[in-house]
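Next come two complexes built around subunit A: one with subunit B, the other with subunit C.
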Partner chain A sequence: MEQLANPDQREEKRNLDDGRTWFSTPAAWVGLILLGGGGAVAFFSEDRLQRFLQSYLFAYTFFLTLALGALFFVLISHLTRAGWSVTLRRLAEDLAVCLWLSALLFVPIILGLGHLYEWARPEIVANDALLQEKEAYLNVPFFILRWVFYFTVWIGLAHYFYRLSGQQDETGDPALTLRMERLSAPGMLLFSLTITFASFDLLMSLDAHWFSTIFGVYFFSGMVASFFALLALLVIVIQRFGILEQSVTVEHLHDLGKLTFGFIVFWAYIAFSQYMLIWYANLPEETGWYERRQEGAWMWASLVLLVGHFFVPFLFLMSKHIKRRKGLLAAGACWVLLMHAFDLYWIIMPQKHFGEAGRIPFHPFDVVCMAGFALLFFAAGRDAMRRRCLIPQRDPRLAEALAFENES
Partner chain B sequence: MDESGAKEHVDRGEFPGHRTASGVLAEFETPADLVRAAVRVREAGYRRWDAHTPFPIHGLDRAMGIKDTALGWIVLGGGIFGCLLGLWMQWWTNAVDYPFIISGKPLWSLPANIPIIFELTILFSALSAFFGMLILNGLPKHHHWAFSEDRFSRVTSDRYFISIEASDSNFDIEESRALLESAGSVGAKVVWEREHEDKLGSDNDGD
Partner chain C sequence: MSVEAFNVTSDDPTRRAPLVLGDHDFESITDTVCGVVEKPKPPVAWYIAFTISSLFALLFFVLLAYLFGVGIGVWGVQNPVGWGFAIVNFVFWVGIGHAGTLISAILFLFRQKWRTGINRAAEAMTIFAVICALIFPAIHIGRWWMPYYMIPYPNQMGMWPNFRSPLLWDVFAVGTYFTVSLVFWYMGMIPDLASLRDRAQTRTRQVIYGILAVGWRGSQRHWHRYERAYLLLAALATPLVLSVHSVVSMDFAVSILPGWHTTIFPPYFVAGAIFSGFAMVATLLIPARQWFGLKDFITLRHLENMAKIILATGSIVGYAYSVEFFMAWYSGSAIEQFTFLNRSLGPYMWAYWIMVFCNVVVPQAFWIKRIRCNVWLMWCLCILVNVGMWFERFVIVVSSLANDFLPSSWDYYTPTFVDLGMLAGSFGIFFSLFLLFCRYLPMIAIAEVKRTMPQADPHYHSAAIGVED
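And now, the complex of A and B:
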């Protein structure tokens, strides 16, 4: 800890110092029971299996995007050689490494592909000229192959940065930083390509007739905005337990608030770009997707999304005084996360083959799956966090991060 | 050489004659000295003074007691104005003054108007940020008396300065200079109005 910028700084807690392992964490068990129980209930009443899988996909995507957002933050920090964010990077490394759990939990989606995606059902493809044309890409073996590739890239990157950063805690070798920086550029390329195609596969192909080339960017914008909200929230929560009280300052929280704000605006920009081009061109093959989201109750949901995902956080997070107050920033972060979940719900649920149009198909499975995933990811994240110091304590740029200040 | 140079300036200041002072200019060797001195100047109650540095120094704003800028509010106002202007302009031109149907859309159709509204919001925000910044900083300023000091040119490389304006109500030639010297300046000097007139070669005001 000789790198402390300010020698007057008193000692602070930098570890989740408890001896509990992943499996003894009750959260993980409760999470597993919720998901398993929900799945079992659905499985033994055949007609509800599809509804369960919809909820499962909804919750799955929410936590996948948060973990991918963490991986993005690690990559971009190294790519830009960021100094300010060093004290936050370890938390992102720990969250990104939870992607192994996403890979594991992807199995039920593969098993239930036919219930979620029409292109995975031969009897529908046989009568659908468009799906036959798209079969070269949208078929089950290639889908599985692609997802194996995505997870190899994501987990490979997440573990690489997790491991090297951990090694640096022991050796203090600045060459490790250079190695991480070197991988961050090709890593970012791979990351952007894989998340784009993953968004096409996971969400866009739910309506396999529809296409939007900007969809990957839309997916990315919501992912990053909500990750920054999560990181701000995580910092505020662990500081309440007396952890990282000195090394993460109000300046860092202010910047997390700014980044959340910025990506909220970016989300709105991309969401509107997608909407306006489709609305203006007015081509039937494209407008159907939005039309379904303007029927009956979904019209109100669309307006709530517009106001709640853009106008509310835009106006709320604009002021510096709000971003620099923990309670208010935490409230804003919770709101952004809630709206991100709502955004995914709005993308996933209104599908022709999921049931009648114009009705919001709320089901207790939504809550069960969300809670199950939340508990599992809480346990996995906590497990990654408790293994080591919560800041990269011998990173060569640590002093810069500790002394970081915004220009007022 | 620095030392003697500073001395010489100070000595000349001791024979003010009938000239009026522009202010006191004090030189510091390190950012830390400057920040400490800024606290002293602020605590002495000065209002019309400034610190000059080659690069931004963290904590200097707080040491000088600079209040939060009002620029954000100016930009917000500019942004709202641009937003409303874009909305009004498209409504007036396309739906009222010269109704014209474009690609089968309603005469006044919000989604089509949003890009212009957005662009005008950005444009007027940026313009108000730019001009608001200039006005709040008192720019453009073609000359400041500190520029007539040769040593002040080092402010762009390795020296730090504090200037106190003679127009400050607390200003006192001797006291202000003494304050800066006691605050760790390596050379605090009174700058006279006359000097920069000499430099400009305009000595025709009948002194």
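And now, the complex of A and C:
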């Protein structure tokens, strides 16, 4: 029943061949133990709870952005009716449905709101006129309500595309493509609004006095750049296990490299715009945010971010020859992911109420949380991937993706 | 599959719409596009349009003479609104100039083949819009004989421009953009100019097009170099599309004036520029494809795609308006909050609501496929978008200046007839140049359109006679 566009590709392996659900994989359990154990250690030594939650938020945001980046890729592929990316879209669909895990893991953040956000602490708000003014937006019930809404939208969209695309594997009905394309436009509208306000809530309101209209775009740019890096890495890894060796070619990797490169430049453009305008106008209500990131050791961190998140990948990924070699592209992708994590660390950690200024507060919790989340998401992603073929095998534009070549 | 039987705007995911309609082969494409230039006389509509637009261009020059004679007091600029129509028009025209390079560079890198039908005309439009834009700051400096002071060159007075001023960055940003756009446009046109040269019936035409075609022979080596250069220029022009309007936005955003100083300005201005640029491309090409018989190359599909881009960028602009509004409240700054309330409910509320209606509400009509495919309705909506984008710049420039920190200095800005006449006149210059372009240069990128046709596939002929490859 499989309709393959190219008869030569019939032998290719396109499934994970794995019967285990996510909770029966060791990775999921180790991940849960790491997060739970870290949380327990922190909980029973009261003063460390805040530090744990900082690390938790850091790791949480990292994986949330990757899953949202996947959702973005699914949406934009349908919105633009892309042909070249059909063989990559299923992987993104599978990563995007992991958003259910993000929703679940959001509970500890809600429980620890008072430790992370000053606006969630009545005794601070009572003495802060500015926070009182913002109370209509920055209050606990509305925050929870908003996040319920965001997750409803995100998970709803992710599952819609996951489900219809899966149906198409069975029926091969082109009308399903049309339905997905129709939803992609309003879906993109909802996506852009929800991620904007999510970024205000999750990251910007850590410093509840500070504000920047471009912040949502900044969040988006880092998210998309790192997602493309992740997708390239994922493809290279599964190909080492002999999966999708033919339907995803070096041409697709080349394009993923170009898109990573493009969004790295876009990130730099947005980051520069934000910094330059705040620096130039020099208004005290805005400069404080950057000032904390230029004190003591954070100054070096900021410079590392500038060089590492922009100059290094910019120069490295520029060459076509690098983008077309798996080992080099994978190295570039790892670097971009590392820098994305560093970017989030740089946003989250230097808060006034998180402790001493000018010191980078590395803590084993950072690693524990990152590892815990990584294992959980690995298990969840694999669970989504093992359920069906790893390319949408009866997509009407599959042939275009299989035959696709970059010109020149 | 017969091309005629196929609905070009079909959404059927199993096939891609053809980009060229009708029974065209390579020769007939050259004939049709070159024919526009080679006909002894253009259509009557061209004469009417050119007469009207050149009269407006004349009006511009008359008013320019008046302005030079008397000084910029003839404008409505006053204290505190020192940036009046001239800056509004400058930003508006630079914005219009964004679509051309977006289409030729960014859509090229995104492999959007439908761009080939419209890229030449859009690039020409870009050049003319930037010409219109550059006039305004040059005359706005007041001493119009001294614009060369903006260029840093070693001089015996030891005077340098102020490098910290975004107004100077504009000189470089827009100047670079103009140069690269011009090179891109001209270089892309060389093979088509050579076609015109080869087909020339008179000696004059042969010499002129011959000079312009700079010795193009269409050899394989020529094509190889040409395509390399095209790719490189596209890659270089892409950041320029973003940088130009970002720098223009910094004219406002580096200041501390509420309503001007906000971090989202650079990407928001770029989105707005693409939005207005595409609306202008549609405004120009909808009549042009009709008058010059180019409907086979600028199909309904092309127009529908443009409508979608207008919807997308219009929504980004709407997003920026909302985020700005939200952040004005969220900032807790009384002055920020006042600025946005003042815009929407104060003395300039009429302009604000024209802006919101034209830029946010009107493009929403393009959600409906029947409106996207209704050419003349789309044309009307695109004109409204252009109106809206002009008003956006008016709202930004004037409302923030007129009601700033100190209520005692507030004043209401009223344009004079010179302001209005120069705005209308700049449209006259723009349309005159565009009409001349339609008459004397190939409006469609002939060589590029041919490449998107099924006949350009090396296997096309063997497939047609049933040979397996």
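Note that in this section the second predicted complex is superposed on the first by the 400 of 408 C-alpha atoms of A that agree within 3 Å, B and C clash if a C-alpha of one lies under 4 Å from a C-alpha of the other, contacts with A are read in each partner's own complex, and residues count from 1 in each chain.
The rule is short, and it goes like this: a residue touches a chain if its C-beta (ideal position, glycine included) is under 8 Å from a C-beta of that chain, and two chains touch if they have at least 3 such contacts.
It should be emphasised that the depicted structure is a prediction, and the values quoted were computed from it without experimental measurement.
Q: Could you tell me whether subunit B and subunit C fit or clash when both sit on subunit A in the superposition?
A: Clash: subunit B and subunit C overlap once superposed on subunit A.
Q: Applying the document's definition of touch, where does A:E356 land relative to subunit B and subunit C: first, second, both, or neither?
A: neither
Q: Would you sort A:E11 into first (subunit B), second (subunit C), both or neither based on which partner it touches?
A: Touch status of A:E11: no partner.
Q: A:Y137 in the overlay: touching subunit B, subunit C, both, or neither? Say first, second, both or neither.
A: second
Q: Examine A:D47 and indicate which partner it touches, taking first as subunit B and second as subunit C; both and neither are also allowed.
A: It touches nothing on subunit B or subunit C.
Q: Return first, second, both or neither, reflecting whether A:E405 touches subunit B, subunit C, both chains, or no partner chain.
A: It touches subunit B, and subunit C stays clear.
Q: Who does A:V265 touch here: subunit B (first), subunit C (second), both, or neither?
A: In the superposition, A:V265 touches subunit C alone.
Q: After the superposition on A, what does A:E123 contact: first (subunit B), second (subunit C), both or neither?
A: neither
Q: Counting residues of subunit A touched by each partner, does subunit B or subunit C come out ahead?
A: Subunit A has more residues touched by C than by the other partner.
Q: I'd like to know which partner A:Y280 touches here: subunit B for first, subunit C for second, both or neither.
A: It touches subunit B and subunit C both.
Q: Going by the clash criterion at the top, which of the stretches 332-340, 422-430 or 458-466 from subunit C hits subunit B after superposition?
A: After superposing on chain A, the clashing stretch of subunit C is 458-466.
Q: Which subunit A residues contact subunit B in one complex and subunit C in the other?
A: Shared contact residues on subunit A (touching subunit B in one complex, subunit C in the other): 276, 280, 282, 407-408.
Q: Please give the residue numbers of subunit C that touch subunit A in the complex, ascending.
A: Interface residues on the subunit C side: 11-14, 16, 111, 227-228, 231, 239, 242, 246, 250, 253-256, 261-267, 315, 319-320, 323-324, 327, 330-333, 367.
Q: Which part of subunit A faces subunit C closely enough to touch in the complex?
A: 81, 83-84, 130, 133-134, 137, 174, 177-178, 181, 185, 189, 192-193, 196, 200, 209, 211-217, 265, 269-270, 273-274, 276-278, 280-283, 285, 396-397, 407-408
Q: In the complex formed with subunit B, which residues of subunit A make contact?
A: Within the complex, subunit A touches subunit B at residues 272, 275-276, 279-280, 282, 320, 403, 405, 407-408.
Q: Once bound in the complex, which stretches of subunit B touch subunit A?
A: Where subunit B meets subunit A, its residues are 56, 58-59, 61, 68-69, 72, 103-105, 111-112, 114-115.
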